[in-house]
Structure formats: structure tokens, C-alpha cells
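Before I ask anything, let me first share the structure, which is written out below as C-alpha cells.
By letter and in written order, the chains are A, B, C and D; residue numbering begins at 1 in each of them.
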Amino acid sequence: MSPSSSGTGNTARVGVLGASGYTGGELLRLLAHHDGFSVGLLTAERRAGQSLGAVFPHLDGAGYPDLVKIEDAAWDALDAVFCCLPHGTTQEVIAALPEHLKVVDLSADFRLADPEVYAAWYGRAHGAVALQAEAVYGLTELAREEVRSARLVANPGCYPTSAQLPLAPLLEDGLIESDDIIIDAKSGVSGAGREAKQASLFAEVGEGVHAYGIAAHRHAPEIEQGLSAATGAPVRVNFTPHLMPMNRGILATIYVRSRAGADGLREALARRYADEPFVRVLPAGMAPATRHVRGSNHCLIGVFDDRIEGRAILISAIDNLVKGASGQAIQNMNLMHALPETTGLEQAPLFP
Amino acid sequence: MSPSSSGTGNTARVGVLGASGYTGGELLRLLAHHDGFSVGLLTAERRAGQSLGAVFPHLDGAGYPDLVKIEDAAWDALDAVFCCLPHGTTQEVIAALPEHLKVVDLSADFRLADPEVYAAWYGRAHGAVALQAEAVYGLTELAREEVRSARLVANPGCYPTSAQLPLAPLLEDGLIESDDIIIDAKSGVSGAGREAKQASLFAEVGEGVHAYGIAAHRHAPEIEQGLSAATGAPVRVNFTPHLMPMNRGILATIYVRSRAGADGLREALARRYADEPFVRVLPAGMAPATRHVRGSNHCLIGVFDDRIEGRAILISAIDNLVKGASGQAIQNMNLMHALPETTGLEQAPLFP
Amino acid sequence: MSPSSSGTGNTARVGVLGASGYTGGELLRLLAHHDGFSVGLLTAERRAGQSLGAVFPHLDGAGYPDLVKIEDAAWDALDAVFCCLPHGTTQEVIAALPEHLKVVDLSADFRLADPEVYAAWYGRAHGAVALQAEAVYGLTELAREEVRSARLVANPGCYPTSAQLPLAPLLEDGLIESDDIIIDAKSGVSGAGREAKQASLFAEVGEGVHAYGIAAHRHAPEIEQGLSAATGAPVRVNFTPHLMPMNRGILATIYVRSRAGADGLREALARRYADEPFVRVLPAGMAPATRHVRGSNHCLIGVFDDRIEGRAILISAIDNLVKGASGQAIQNMNLMHALPETTGLEQAPLFP
Amino acid sequence: MSPSSSGTGNTARVGVLGASGYTGGELLRLLAHHDGFSVGLLTAERRAGQSLGAVFPHLDGAGYPDLVKIEDAAWDALDAVFCCLPHGTTQEVIAALPEHLKVVDLSADFRLADPEVYAAWYGRAHGAVALQAEAVYGLTELAREEVRSARLVANPGCYPTSAQLPLAPLLEDGLIESDDIIIDAKSGVSGAGREAKQASLFAEVGEGVHAYGIAAHRHAPEIEQGLSAATGAPVRVNFTPHLMPMNRGILATIYVRSRAGADGLREALARRYADEPFVRVLPAGMAPATRHVRGSNHCLIGVFDDRIEGRAILISAIDNLVKGASGQAIQNMNLMHALPETTGLEQAPLFP
């Protein structure tokens, strides 16, 4: 119904590799009314030949091209690609792309800068080490300038985005201790992807909650990498994700040790994010809720005193598919094309 | 975070009366990036004096004015109002408004043209009969020209919108019989409003489904009024609403008698809605789902043959808060201000 | 925690074939405290060698045997089996069972008595036609005496149970017309089984509703078979299933033509089911809700006048996994062993 | 449908005060098949005169008496009462009861042994200090002998049950440090009660998660009281509850400091709860899920090593309405009547 912006002179032509999953679909929802990008390529290996409406009926009529195989892509007609392919296969696909293409990769393949850490957590050597070295880790608010000039951006994971936004500035400022950070995170099921898995079935997840990947989730080293950079020394964190009976959203409840008190921490964060369009530090007493960021690129942060002396609680809320994935990817791509950072991301959250 | 458009010379100044309920909040979500309207007034009797963010945290930072009482409104500074007040009290509020204000009323007060029908279903005489006679029933696709020149538009109910869009054209064309229309409708809980009621509690509604208001729902006469107009004679329908464990969305499964067959009905509807920006008739075999219209002003319609000879099935899906309420209200207000009808309503649906 | 009843002299030894799916798990929940049956065999081809707790943690500690392959079953130690295998493969498994075993089959393989109807809907000839002729269709309340003496019971489908319980007695009594029956059914997602399918993922189903299998669902001929038997002539019905964002429950809203009026229909049903332990006809004005039967073997039926003259509305609610599957299977198996019909099925519904 | 056990010679006659809320309804679900108790009184002030089925349709037909006002109760015909009245009003009601009645109180009124702590958290002096001194805090597994001989049992809160079961034994054994306990708890909405509150509406809670009562929830002092008793010195904990989009269940993820390692902690808990019928310590690697205890009186506990050296993670899951309220109340009342502790509580969990 709403034709996608056609590729006029001033817009960049972008492609989406792996367009049939949730992050692909979310990119296309947001790109449907993006003034700076027009979509010239959609790939999906198993659904090649089908219309986008066949895999995402909600986007039928948005004027997007049909799905093709990667091998049939006409790269010359593109300026940039969003890569939404599975972890592992991504690195060779990106390594084979023409060099004129800017890339935002939503997989985990280029997030870990240290090849040994990658190998330890993914059980195999990285297949594109040079690219890995070149990639910029694109947590936008924390790496804006590097992103501007990057050719390849590793888009952060959803959980790491929710954890680093509140934690990194406080570690940089030395306001919290780095050896006692506990991140209790709660995520909607779309974070598990669109692959058919028993564990993601409605009847397995509905009306219940459980922790998973306890002390073993691959987002832990990604969080630790970012926090180590912020503090200048190795950081090891507790990271305990939970699966929630909801489609979207991440709430990270973070327990830290600090002598600054909630007010001190809140002020530091408020100062740090004062001019950010997407991050908002809530006033004392207000707690973030995932439903207040749904569908938006917003991150809400609340800070509370703990009952235990010397402890504080940070709470952040994002939409895992937007600020935790496709929204941040567009935010980064905007910067890489010298567009206003908020282009295509202005929508208010959807509540209820 | 995203400042609402300020009232420059070319925008109309609008107010929202009753801004603290779900339809009020949804209007403000959609108006946050509307190019033609700026919001100059928000009222909420019990929450007067508070910021909008206090009642709708997801809209905090959108630059809206604080909530005031209706008695404190400065009407001269406004060009139009959306009225989201409870049924019954609405009519006297609107009757007291200055005449220069254009009004889209989202309550039921002006939907029933016949004062006797109103009295029969609402248990009291209508308090503003002259206004009731003046009001235009604003199912936009079916009354576009009347809406353009209206001063007071009665915005249709959510269920009636979902039922009339597929049914009215087919009745006009004489393609279905008018004495055997069965409307089995399924709605999300936001349709019950934001008032604290036991029946709307999460624990009363979650993990279950039930019918309510069987053969006695006030949307029945509204539907019948519209269908009677379409067919030129009194129509009486079955209308059976069901409450679903979801926030948003209406699916209406409508059972009709017809000799035209599904293909004939589908073609008639496709022809009727070919140029409509918000209504899409699905190809044979595709069934609408509420999740494919979530957050958008879209209406999807599918048509199927029944196993019973001479019967067919029409299915429509809308978001009850958008095309079923606030989205259609903006669509109407756009027309009343000679703006492009889709202004502020271009967002793609949110899935998942 | 709660040891399953051990096989003492007075209990029958039963097996569950295909114990790792939802109907298998539900059987074992209910059998955990059944006084007349002890469980001596659980099979699951892909999970053979594992404990039941590995596939159903909620049943860990209930004292059940480990899962084995069917080929490793010791049939001599058993008196009866519940068969929860997929449609199609079931018939050859049952055909190969020793004759001393009583069988309740929860698949669709033996539900359709006419081999041609089976072939038309399942796309292949039936592989055990003699057994098919022998099988008793076990809608308990309508076939109690045949079930008592049966060796093989075809346990009804979930939707057909919800539809036939209100409809069959009224057709038998000639109180409703048989050529105008519209069954709008709403089901929880567990009805789709535990197989990993994209369409059953939480993020595909959550926060939405849609119709599926419109005029083409395999439960339609099953319903028609039962209603044809009740009326003595071929019946063709509308049957339109909808998928709901909930784990359990079926609500069937059934639109019928009748001159008896709601009161007449209600009285007939109340009379018919007066002594039934699991079927309850609600008083005038009360509507069934799936949450009021959750986890129980109950069926609630409500009857309402329609706004259309000469029409009425029947509404039934069951738990699709209990009265719609495993509960009714136990009810039948109780009868086949001359046990009180309610043995193991006395639990009150779980609300909220 | 399933008649409640009538009051024969060997059963005790019990009443339920405040029978129209969720804990009242849950008591009656469980008591419907309790061999040792028959129900002789149900009170509900605002619903007095109505049948139980009018407030809980799922219990209609269970043979319970109609609701009456407390002032109309015939206390002589009873042996014991469950008290499900609101906090605050409970203490005067219980103080006025005849002394021959045994009482299990599900409110918070008698949970805090120290009147000053009560006053500090509830904003008023306690109105029945002598009774408060007499009351036994009935976390059954930790106070079994005191409960046996108690006349008044203060039934623990839902969160405190989920927190103390894993923590108390470890503190008693000195295996974890008492000054660094962080309890991140997630609860279903039924924990908020059946009162009509905007914050508990489906559309406010669905599809989202948020923390509430941060560092200020009244269950914090209750937890601290229990842990202080276990450790012999004042304990102060972090307790951060979260509201989940589900009806039932509490998952408590508890972060502790310990040199014992997960294996050491798990073994200590397994030893402590080896003979308990309702508490199960999971083997290494298995994480509790609320859906695996739904509808049952079970508590599952899992123990995991943390990534941070010297830290461990305890996770417990209960059904907030059963082990967290009505189930534990019956467990206590069983003990008070020298009945087997599991009477009426044998049901297996309901999954999915």
C-alpha cells in the first residue's frame, strides 16, 4: 500500500541479505519510509523467487523487489547492504562482496575483535580475520565517529546493546566497580529468530518464564569486550538471559556496586546522553518498561538505589528488533551515508 | 525524544479531549509526526495538571502540552478537536464547543442517526439531536465526500468498521443476501478501554477466549444502520463479538449467502477498493491476520468459498485502535482539512 | 515427586505410544494419579533412551519408565495402549499390535468410517481397512455403549468434539436445520502439536488471530460424519478454525437455524446431558469461556437467541488437550475396562 | 460437576473468608477433591448472596455453599478457616474469631513478627499484637513442627516463598554470604490480586515486562526476617520484582556470593530437601521454568556457577497461587490437622 521510496538521484541503493527472518523484516518495515535509502535487492535462499509479501504479508504492497538468491544479486546496482544471514555463513558472504559496498552486518560474525575469543565461543577459527580487524563495532552512541567512516560495521547484539548503554559510561567515569556487575536480562521470543525450533513454539513459551544459556550465552563475551574497553582492563560479568512470553522487547536489570548513589549515577548518565535522540534517562522513581519502547529505536534507562548499602540498580529497556537490531543498523547506515542519524527512525513507540 | 511538529503557519492546531485513554494515546502516537496538524490542547479531567508522559510514558519527550481540564481549554487557539470522551458525556461537551471548531468524535454519541434507535440502545434520549442530525458518519472509504465538508464527524466503532468495509459494497451491488449475515468478530482487549474493570484484568483474559454481548452489543445497530443504507432496506445481522488474549486487533469472520461465489465477491471488492490506500483485498487463498495490520491504518479483506453451497466467507482484519479508531479519525480529519488522506498514517505494520 | 500408581493386581497396565508430544504428555499428567491404570511403556522414536523428564520436565519425578522405541516394546506385559502417533503412520503400527491389547487411538487414522472419504481427505488409500471398519468412534457421551465393548476406539478430534456435543442431540431431535450449520472455532496453539513449525512459533502467533484451513480442514468431514449419523442424511457444514494466542482451549461458536428458540434448544441439551459428569449446559445468559474448563475434561455449552429471526447461537468450550484429546481418551479407556468413567478425570479447572 | 467431599465424620469442616479473590478460588479448586476437609462456609462481602459459580464459573457445580457475609457466619459448625482477606482488615477479623478455630491466614498481617517492622512497612500500628506474637510463620519445609501445633499460621508471601526455600538452608549452613544477596523475581499478574486496577489490565501488561516496587516492596522485610533467622544476624537483601505477561508463576533468579561452587550448593540443597514431597533440586545444567510447576505445589530449584569467580546463581520456580499461596496454605492446614501433608496437593503440573 505504501510504495517504498524509489531510487532517485539522492538516495543510496541498499540491499538486504537474508530478508526472510525477523531482523530482515524489521529493516524493511523501517525502510518503507526512509528518505535516504531505496531498496534494490532482497535475498533469501530458500524463498528465492517469491514475493516479499509471501514471507511477510504485512509488507505486501510496500513495493519491494522479489526475493532472489545471493548468487543472482547485481551488486553493481547497489551502494550498501544490510546482512541478516546466520552466524558462521556470514563471514564468507561478506568477504566475497565487492569492495564498493558499505556493509552493516547484523550477525555476530564480526562483533568479537579478538579471533581467539571468537574461536573459543563459536568453536571454530574465524574465516575472515582481516575483515574482522577492519570491522567497527557499531554501538552507535558509543562509537559514532568510527561508524561514520567505516566500510563494515558489526551491528551489536540485542542484549549487549541493552547492557552497554547504561554500563559503559559509568565504567568510563569510574563510578561503578567493574568486578561485580550482574545483568539479569529478559527478552521477547523474536530474539530467538524465525527458524522453526521446538523451544520457540508458542505452547513451549506461552504462560511461563525461564532462564537459559546461564553463564554460557555468546552475548557475554560481547558485553565484556565493550565494558573492558570502557574501563581499560578486562571485565567479567554475570549475564543471565530469560525468555519471556512476549514477541518483542528486552529489559535488562543490572545490579552494580557503587559509592555514587542512584542520584550520582543517574546524573552521569543523563549528562552523557543529554543530546542523544534515542537514549533517555528517566527521572528518579520512574522504571522503564519494554512496552514503552515497542517498535521504536528508543532506549530507556532508570537508576535506583538498592536496599544493600553500596549497591545500585540500573534498568534499561529496548525493542530487541529495533535498537537491538534493525533500528540500530539503520542508525549506523545513516551515519555511514552522512544522513541525519534519525532518518527513518522517528516513529513513536506502539502502546498498548 | 521526537518533538511534535510545532504549529507553523501551514498546520492546523488540534486538541484532543480525553487524552488519557487508549484512543487518545493512539492519536498522539500518530500525530507525533503528522505534517499538517500540531497539537495545542490535551484534556483529561482526573489527570489534569500532569504531563502526558505521566499517563503515557511511551510518549514522554514527544513535546506535547500538559493535560488540563476541559473547562480550562483555550478554544480560540484551536482549529479542530478530536473527542475521546466516554459515551454519554460527549454530546453535551461537543454541543458546548465554539462553532469554529471542526470535530471528529470517537465516542458512540453521534453514530446512530435515528434518535429512537439511540434511545433504545443507550437507555436515554439523545441530548443533542440537532448535532446528531448534522453529524456525518465517517467510515471514510464509504463517505469520503460527506466527510470533506463536514464540521462534525462521528468516527465509526471498531467492530462496525471491520464489518462494513467488506459488506457494504457487496450489498450495494446486490451480490449477497441481506437477511442472512453472520459476523463473528474477535477483538483485542484494548477495545474495552483503559478503565479499571475486573473483566479486563490480565488474569481474567489471559490464556482464554469467550464471547460477550451476544445479540446485545451496541455495535449491532451501528452495523445495521450502515448495511441498511447500502441495501436500501432494513437489515438485521448476527453480530457476536469475542474477547481475545491480545492487546490489539479485530478479525471479523463473516458468513454470507451469495450466488456470486468467492471469486465474484472478491473481484467486486477488489474493484471497489482498487484505488484505496488503506484497504487491500487479498488474492484467492490468502487469509488476513490481525498481526499483519498491527499499528497501521490498513484493512485486509479475504474472500473464501464455503463448504455449504451458496455460502461464502468474508474475513477482514484491522487494528482496532488505528483503522478502528484513531487512525480513521486522523484520516477523516485530514479530509476535513483538505490534506492528503494518508498524512500521518503511512507507517507500515509492526510484525512480529 | 508424585509416584505413578504401580501395577498392582487390580490395575490395568497401559502403554503410551508417541509419548513425547502434547497429547502424550497430557495423558501422563492425568494418569499420574489414576487408580485403575499403571503405565508400563512409553515410546518415542527420536527420544528413545531418554527419561520422560528430559522431554517433559513437569513430569520428572512422577515415576514413569524411560522412553523406548516401539520395536523394543514388551507387549505381553501390557493390557492396553494409548496411541499418540502421527496421522498416517498410526494405522500400520496399530495393525501390527497383538490382539490382546485394547487401543485408544488419538490420531485421525480411524476416525473416518468411509475409506473413500479418508482417501479423499488424506490423499492416499487407507492401509488398514478392516481395522477401520472395526473401530468405534469414541465421542463418549454419544457412543458410550459401543465404547464399552470396543477393542479399538478412534478418539475424536478436538474440534469435532466441541462441535458435535452441542449439535448432535439437536439434530437427533430435529430441533435445528441440518443444511445451515456454521461452526466458527477458535483454538489454542497446542492443537497444532509439538512439531517445530514456523507457523507455530510464539512470535508468529503471539498478539494476533487468524483463520486457517478455511473450508478445507480435515476435521470438517469428521464433524459431518457425526452429524450425518445424528440426522440420518448427509450433512455438510461450514467449519472455520482460527488460531488463538493461547496454549489451550477451544471455543466453538455455532450459528444454526431453528424454530425452537434458545430456550427450547437449551432445554433439549440440558435434558440430554443431565446425568453426564463432564458436560454442563449453562443457564440462560451465561456464556462459556475456555478458561473455565482449562485442564479439565469439562465441556460447557451455552445457547443464545440470535438477532436474526429463526436463528440461534450455540457456544461450547473445551480444553483441546483434555476433553478434546487425552481426557476423552482416558474416559474411553475407563469404559473399556469397566472402571468408573470419571476415574483420573476429577480435577477441577485451573483458573486463572 | 464434581461434588465436593461432604462433611462426614472424619473430615474437618473449613471455611474460606474472602472467597471471591484469586487465592480463595485457588483454595476451592484444590479443596474440591480434598479427602480431609469439607467446606462449610464461604464469605465475600460484596458478593454475599451469590453462588460461588457467579464469581468463579470454573467452580460452578462443585457443590460449594453460597457466599455470605462474615457477620452471618456460623462459626460453631467449623473447625478451621482459611483467611484470604485484604491486608489490614484481616487482623481485626481474626482477632474476633472464636478460639476453637484453627486459622491459616493468607494475608500479610501476621507475617512480620516485629511490630515495629510491621508499622514501618504498613504505615500503622498492628492491631492485634498478641496474636502476631502467637502466629507461626508457615513456610512449611522450614517450620514444619511449629506449624503442626499452631493455632494461627501466617502463610508466607509468594515471593518470600520462592526466595527463602533456596536461600535459607544455604545460609544456615554458612555456604553463602549474607550481605550480598540479589533476588531478581518475575511474577505472573495474578499475584496482584483480582481487584480492578489500571496497572493490572491486560492491555497494560500484555506484551511487555517491567520492574516495580524497586527496593520498596513489602515482601523485602518478610524475606529478610526469614534469612536473618537462618543466619542468626540481621540480613538485608536486594529484592527486585518484575511483572510478567502471564497469569501464574514466579521465577526467582538469585545471585549469591559463595566459595562452595554450584556443585557444593546444589548438594547441600539436595540433601536438605531429599525427603520433601514438593521441593525438587534439579541436576546440574537443568534450569527451572515456571511452566513446569503450573497448578502444582512444587518448587523447583536449580544451581549454576556464575562467570564471576566466587559467585553462584540460584533459580527457583513456583506457582504463585499454589506453593506461593493456597497450596502452601492447605499444606499447613493438613499439618495442623495431622493429615498427610500432601493431601489434596498431589496434582501434576499443567503443561503446556
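Just so we're on the same page, contacts are C-beta pairs under 8 Å (C-beta built on N, C-alpha and C of every residue); 3 or more make two chains touch, one makes a residue touch a chain.
Since the model is a prediction, treat every value here as computed from it, not as a measurement.
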Option in C-D, A-C or A-D whose residue-number contact pairs overlap B-D by over half: A-C
Chain pair showing more contacts of the two, B-C and A-B: B-C
Separation of mean Cα positions, chain B and chain A [Å, integer]: 35
Centre-to-centre distance between chain C and chain A (centres being mean Cα positions), rounded to whole Å: 44
Distance between chain centroids, defined by C-alpha means - chain B, chain C (Å): 40
Multi-partner residues of chain A (at least 2 other chains): 22, 188, 190, 203-204, 206-207, 245-248, 289, 291-292, 294, 352
Sites on chain B touched by chain C in the complex: 179-180, 182, 184, 186, 188, 203-204, 206-212, 214-215, 220, 236-240, 242, 244-249, 251, 253, 255, 287-292, 294, 304-309, 311, 313, 315, 317, 352
Residues on chain C engaged by chain D in the complex (per definition of touch): 1-2, 22, 25, 28-29, 32-33, 56-62, 190, 206-207, 247-248, 277-278, 280, 286, 289, 291-296, 298, 342, 346-352
Chain A residues touching chain C - in the complex, by the definition given at the top: 22, 188-190, 192, 194-198, 200-207, 245-247
